[in-house]
Amino acid sequence: MSRIGVFTCHCGENIGATVDCVKVAEMCKDIPGVVHSVEYKYMCSDPGQRQMQEAIKEHKLDGVVVAACSPRMHEPTFRRAAGDAGINPYMCEMANLREHCSWVHEKGEATTQKAADLIRVLVEKVKHNEPLHPIKVPVTRTAMVIGGGVGGIQVALDIANGGHKVVLVEKSPSIGGHMSQLSETFPTLDCSQCILTPRMVEAAQHPNITLMTYSEVEKVDGFIGNFKVTVRKKARKLDEHLCTGCGLCIQKCPNKKISDEFNEGLGTRTAIYVPFPQAVPNKPVIDTLNCTYYKTGKCKVCEKMCPTNAIRFDQEDELVTLDIGAIVLATGFKLMKTDAFPEYGYGKHKDIIDGMQFERLASASGPTSGVMKRPSDGRSPETVVFIACSGSRDRAKGVPYCSKICCMYTAKHAMLYKHKVHSGKAYVFYMDIRAAGKDYDEFVRRAIEEDEVKYIRGRVSKIYEEDGKLIVMGADTLMGGEPVVIKADMVVLATAVQSNDRSEELAQTLHVSYDSYGFFAEAHPKLRPVETNTAGIFLAGACQAPRDIPETVAQASGAAAKVVGLFSNEELTREPIVAVVNRQAAPVYSTCVGCFICQGACPYQAIEQEEIMARSGEVIMTLARINPGLCQGCGTCVATCRTKAIDLQGFSNEQLYAELMTL
Amino acid sequence: MRVLRVPCTGRIDYMMVLKALHKGADGVIVSGCHPNDCHYTSGNYHARRRWMVFKKMMEVMGVDMRRITFSWVSAAEGARWAQLVNEVTDQVRALGPYTEFRQVIGAGIE
Amino acid sequence: MANTYNLSHESLKGLFGSLRRDGRRILAPVDAAGRVELGEVEAPSQVAADYLQTILSAKEVAFPKVERLLSYTIAPGRVDLKDAEPRALPTVLFGVRPCEAKAFGALDAVFNWDYRDKFFNARMEQLAVIGLSCTKADEACFCTSVGGGPADATGSDILLTPIEGGYLAEVCTEKGAAIRALAPDLFRPGNGVDKAAIAAKVQQAFDQPALTSQLPGMFENEVWADQALRCIGCGACAFVCPTCVCFDIQEEADPKKGERLRCWDSCGFHQFTLHASGHNPREVQGARWRQRVYHKFSYYPERYDMLGCVGCGKCTRACPVDMNLKEHLIEAAGVKA
Amino acid sequence: MEAVIQRAKELLEQGEVKAVLGYAKGTGSARRPHFARQAGQLDKLVMDEACVQNLAVYVTKHEVKKLGKVAVVALPVTQRAILQLMAERQLRDGSLAILAVDDGAVKELDSASALEEHLALKAQVLNAKDKASLADLEAMDQGQRWAYWQKELSRCMKCYACRNTCPMCYCDHCTMDCNRPQWVPVASHGIGNLEYHMVRTMHLAGRCVECGDCGRACPVGIPVHLLTIGAEETVHELFGQRAGHKAKLDYALSTFKTDDKESFIR
Amino acid sequence: MRIGYYPGCSLLGSSREFDESARAVLKALGVELVEVPDWNCCGASSAHILNHELSIALPARILALAEQAGISEILAPCAACSNRLLSAQQELEKHPELLPGIEKAIGMPYKGSVKIVNILEVLDRLKVLISVLTTAPFRKKVASYYGCLLVRPPRVVNFDRPEDPQSMDLLLKAVGATPVEWPFKTECCGAAFSVTRTDIVAKLSGKLVQDAVKRGADAIVVACPMCHSNLDLRRAEINEYLQKEYAVPAMFITQVVGLALGLDPKALGLHRHLVPVAFAETAGVQS
């Protein structure tokens, strides 16, 4: 008969408030097999754990049930403590008295009784627990970072500087992401290109980092430490090694009128192009949709001009499969477009632009070389209206959340505009100013006080064009809701930050969960912000939620630290919660009948065929065998198997049956 | 309501539901993450097929399926889970004890 | 012959009435959706008319398919044991064929071999058997080959044989006499009737004593494996057989309470003799079929000097793959040692 | 029928097969499975409307496998069962000589693919009687169905004839025999019978070839075949998959579609 | 094409010309109108302020009558009427528990199977036919004014784009007119204040008239009796407010299409306008 110890935790007030822990500890003494039952205010605290360890040694316990919070919180803590006290960590189970009992019920006799019942369920389970030992799995010490923005670059650099190989995959032809499109950055107004480009170059030249630009992740198999990632290197239609980046082809390309994505449609580019001057790698790409050769078969000017004849018109996409140990998602965000606003004319007014377009206007490398020119007629705008919360905090637009960065960049935009057009008038319609970072609020105050940006607290209900002017109809709620009509030359909408295109598709490829807005879901908002629920896959930056540059870089270093930590030991120890197909002595060998119906149920292809040979070498039977390295312990095969030949360690049929029996 | 914790809906064997009824449960909730959001990729897809066949079989055998609720609730939907549990417990309490099934448990023994 | 009487159909109704008044339940073959099975009756009219036999045997009355031996509850620190009192209602088994009536003897041999089985005996004490001779038989019957007969009175407290306008009633035991005593006037003094003429003609199929002596020598013979090639190892034959006594003890418990149940088992099952080690002395179906025959035709005579088979043919009729016991025994008898 | 016996005799005499499995006359009007291992035993073979049992139940038995290659007289249900067994890797190509009998015509098949093509020619039709009984069951309401099955299953004595006669129940160690933990009670009391028949139905859903043998084998005549055939039809309705039609495993419950339609999961 | 027809009170009263022009145009386009027998008031702007059940029962009775008359689709040219019918229908769909009370109130069964369409939807379906049959293209610059009830609330009405509708503009193009880019398509004209606060109507409608003319519109085209009465009936107050004489006429879409089809202006009720429709084609027609 087992010697089980029950340790009931008050969890401060969380459990103690509604459950009479002393009584519960008392009641648990009567459960057959329990030889030691105590309660304590904070079991997870150091004294709490030490008390448990002493009890294990003193009462020679061989099984422990800690009745406290959710196993997701402290199962590792108590299992480690139990392990240190000399019993197998997997002989320690947790009964969740918090979420399953105290938090959901009123104080009372029934609640205390339920707590005791829940503990009895786990005691019965522990009686059927088997000592388990972590599975040792080799770790491929190469990381993959998906997304080459400032976040992705920071992760790659930190991991590379940690001494590990990194593959940085970027969808567009160059790394840099949205930050490369910015003019200056708040709150210091230092030029975005100046602080980003050195990092981009450092990443490109770092011996441990392999850049895979103009590439997308196609398929991810395997699991933590042993991912097999298939990346599609989209054809640049030129040989990267031969191309020196001289840019001759770009100058000579006759097809110059293609709308430039980098400049958010304000400028134009050639069919063979480099997104922006400081692009890394500085290798052009042929836009096959608009290139004349691909439409009509003629032209080929770039091929003729290329000094190292690097152009390869018939180059095909290339699929590369890489062994990867950990993946960091840093795919960034996208801005809601201006055509999403019916009240502002569905995007038909050229002079209503979004924040990124303003950045391009303000940027020295932008289409107007930094001179304030409004897109419609190029005139310098005398009056500019900035509208904060365009689309954000607006349930009708499907974006109820605050996009966090707009208050700051709107103040920056207003300030930049005033610096460039001293005589200009800048208005900002806002709901609340959210400038909570370091030196943030001072920055906004500076815009208001020094640069005389007029902040009007109110919403803009309608904008229409009249005599070349944009009539902005708003209200000033601080002045009793007075309607305000401003005749503006240009309007900048601080549109909502949304998850990047096809983020859900990528999440499904990586089996990572995501929220209803397409942002990736972190493992725990407070305690595990840079990890996902899928082991071995981490997060950094705005792909998880709207985030500014300082936070993105901080998270990037956080994620990198997790990866370096993961790679720090030779082997990865994995939870032994894996399925096992039973084996017995000859002549039965196993109750498995070799129908392999289970193989269809396993998403990780962890079920292999094992041939049982007679001494004569003749195959007697073919049985299923589970590769403990690949098995993630979901248990689908266990429930699918007709003869119950497969069992899941930690959630075995016997354990679950015992629990069911005491429900 | 008492809880039986399993790693995935894929692990839920219909015999567990039968055992719960055998041990006198008047209602059973079978729940897990939404399809396509399964942490183990396809556990809930298999579970869904299993439940579809299991439900029809139980209906053919005449079991009162109003007492067994199948639902997708993700770990992030705490409020929805609370609402579901309250709804189901009220519904089962309204249906009263499952005497029809209970009678069978003791029957057939001389 | 013991005292024989005539019992008219009318007086049989009267007898039923008095038995019921005496608080006895009457079980008899009844028609149930095209099948004939044992059921409770109030009057002879409810008894099935021209049936050969019931599918299941009457052993169920004394040795039910599931029976609680004991139950217990587990309280903190102690276990409260509760012996189960056998539910033994005073019962009259009416219309049972002579072969099945005789079978109770075979059950009794095992249940009172050395340990007196409280449950079986309690039920047998309360049981009275009014047998009914067979007027027809089918290919499966071979009672005459195993010392029985279509009108054999062994095992019946009263044996009725259908005659013109009623039955010839032979009172064979005290229980039979006790029944007659309930309503003596119903029993008219009988004029000796030649039962054999009325009873069904069941040809003797094989020389059973010779077979029994021959069996020990043919244990390794191939005939058993050949015969059992088509046996699918289910328990139909054992469960319908009036003389099969094997049972399995099952413990159904949870941490709060539990009960110990006795239920029917069959040597035909693949796992009947499976050892915990995985070894199974009777690995193949042939061995299991042989065991069924030897148990009834060799070990029973050896130990209880009676046969473990009454030749009722129920197993042959119930078998999904038509394992005809009589045919197989004839074949076995014909095998030269 | 002569053609089948003739072909069987040739196979036996040429030593291609060690035994021929067909039907023979049994007690009264019954037909029984018959293993003919020498030519002499061949004349006992018969083939008529009364021969309905699914002989595929024998092809997975150790004793039969020990005989060597066997020629099997295969009705459509037997053909489907053999193909499904091949799909579940219980039989290898060529371990059987299949004498496919389809309303009189005999065709010799020896590989899963040949069997698959042969089976594809004719649509699988559910016989009228079972279809009517299933419809009656469907028409009942929940209370009536419960009462109906409780009355029927109360007569079950767990002789396992229905399980052992089924070609798809070839597992040496069945869940019913599993006692750690004892998922299904062994005793044939109320709950024991109910859970046994529920689990058996679930195990056959998507694997049952609808031969109806389980219903015929039950000594006390419980129409258990309605449960398994009903489950098989359900799987066909829900997922469009039928047992015994594909050489490669095509089992509804071991795969899925991301857009499986259902209306009851909240 | 056979379609149910529900004129409503204003089409027989203050905006008779909308009814006449609608009937004339649809007849010319081969559409058979089946007027709902014994129809009653739709509750207009007062019912839903005073009594929730009444505001559902009135439209429900109309729809029930239509169902009994075998009408599967019903045209309610007046924006207010189609708006009331739609919201009553949806209210009953969302709250079936109200149905018994409503059926008792209107004394007949209500299924809610009738599809409610407005005049623009019907004309839009016949757009090809209209452009073919256009004999006298309406070569004018026009400002298309939708008002509110045609497009709001979007959840209930679910018609065109709530902020910048295009359906009337396309119709006008089909008959040869050139719609002007005009931001006030859905601004408020003052609606019911037409009776109680003419000063507000003057201000609001004035802004519309002023801007339309500034953008070169020769006529303002509407599809709602209330809009028309504010732009036409209240023109005196508008001119007084704007301190300027504005003679731009307000016309119904059905009148514009009618003219394009070459129908007699009198049959289109053009003579009933307070602000005269003084185009050359209608020479001689004067109120």
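Residue numbering begins at 1 within each chain, and the chains themselves are lettered A, B, C, D and E in the order written.
Just so it is clear, a residue touches a chain if its C-beta (ideal position, glycine included) is under 8 Å from a C-beta of that chain, and two chains touch if they have at least 3 such contacts.
For clarity, every value in this text was computed on a predicted model and none was experimentally measured.
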If a chain touches subunit A and subunit B alike, it appears here: C, D
Graph distance between subunit D and subunit E, where chains that touch are linked: 2
Most remote chain, CA-based centroid, reference being subunit D: E
Between B-D and A-E, the pair with more C-beta contacts: B-D
Chain whose Cα centroid lies at the greatest distance from that of subunit A: C
Core chain by centroid distance, with centroids computed from Cα atoms only: B
Separation of subunit C from subunit D, taking each centre as the mean of its C-alpha atoms, in whole Å: 32
Subunit A-subunit D separation of Cα centroids, rounded to whole Å: 51
Intercentroid distance (Cα basis), subunit E paired with subunit B, Å: 55
Gap in Å, rounded to a whole number, between the CA centres of subunit C and subunit B: 44
Subunit B: positions in contact with at least two other chains: 19, 23, 36, 42, 46, 50, 108-109
Numbers and ranges of subunit E residues touching at least 2 other chains: none
Sequence positions of subunit C contacting 2 or more other chains: 66, 254, 261
Pairs of chains in contact (touch as defined earlier), listed by label: A-B, A-C, A-D, A-E, B-C, B-D, C-D
Residue ranges of subunit A in contact with subunit B within the complex: 71, 96, 100, 104, 114, 117-118, 121, 508, 511, 513-515, 521, 533-534, 577, 601, 603-604, 632-636, 638-640, 648, 651, 653, 656-657, 659-661, 663
Partner subunit D, residues of subunit B touching it in the complex: 14-15, 18-19, 22, 35-36, 42, 45-46, 48-65, 69-72, 84, 100, 103-109
Touching residues on subunit D, where the partner in the complex is subunit B: 137, 140, 142-150, 154, 175, 183-184, 187-195, 197-199, 201-202, 205-206, 227, 230-231, 234-235, 238-239, 252-254, 256-258, 260, 262, 264-266
In the complex with subunit A, residue positions of subunit B that touch it: 2-8, 10-13, 16, 19-20, 23, 25, 33, 36-43, 46-47, 50, 74, 76, 82, 85
Subunit A-touching residues of subunit D, taken from the complex the two chains share: 88-90, 170-175, 178, 180-183, 203, 249, 251, 253-255
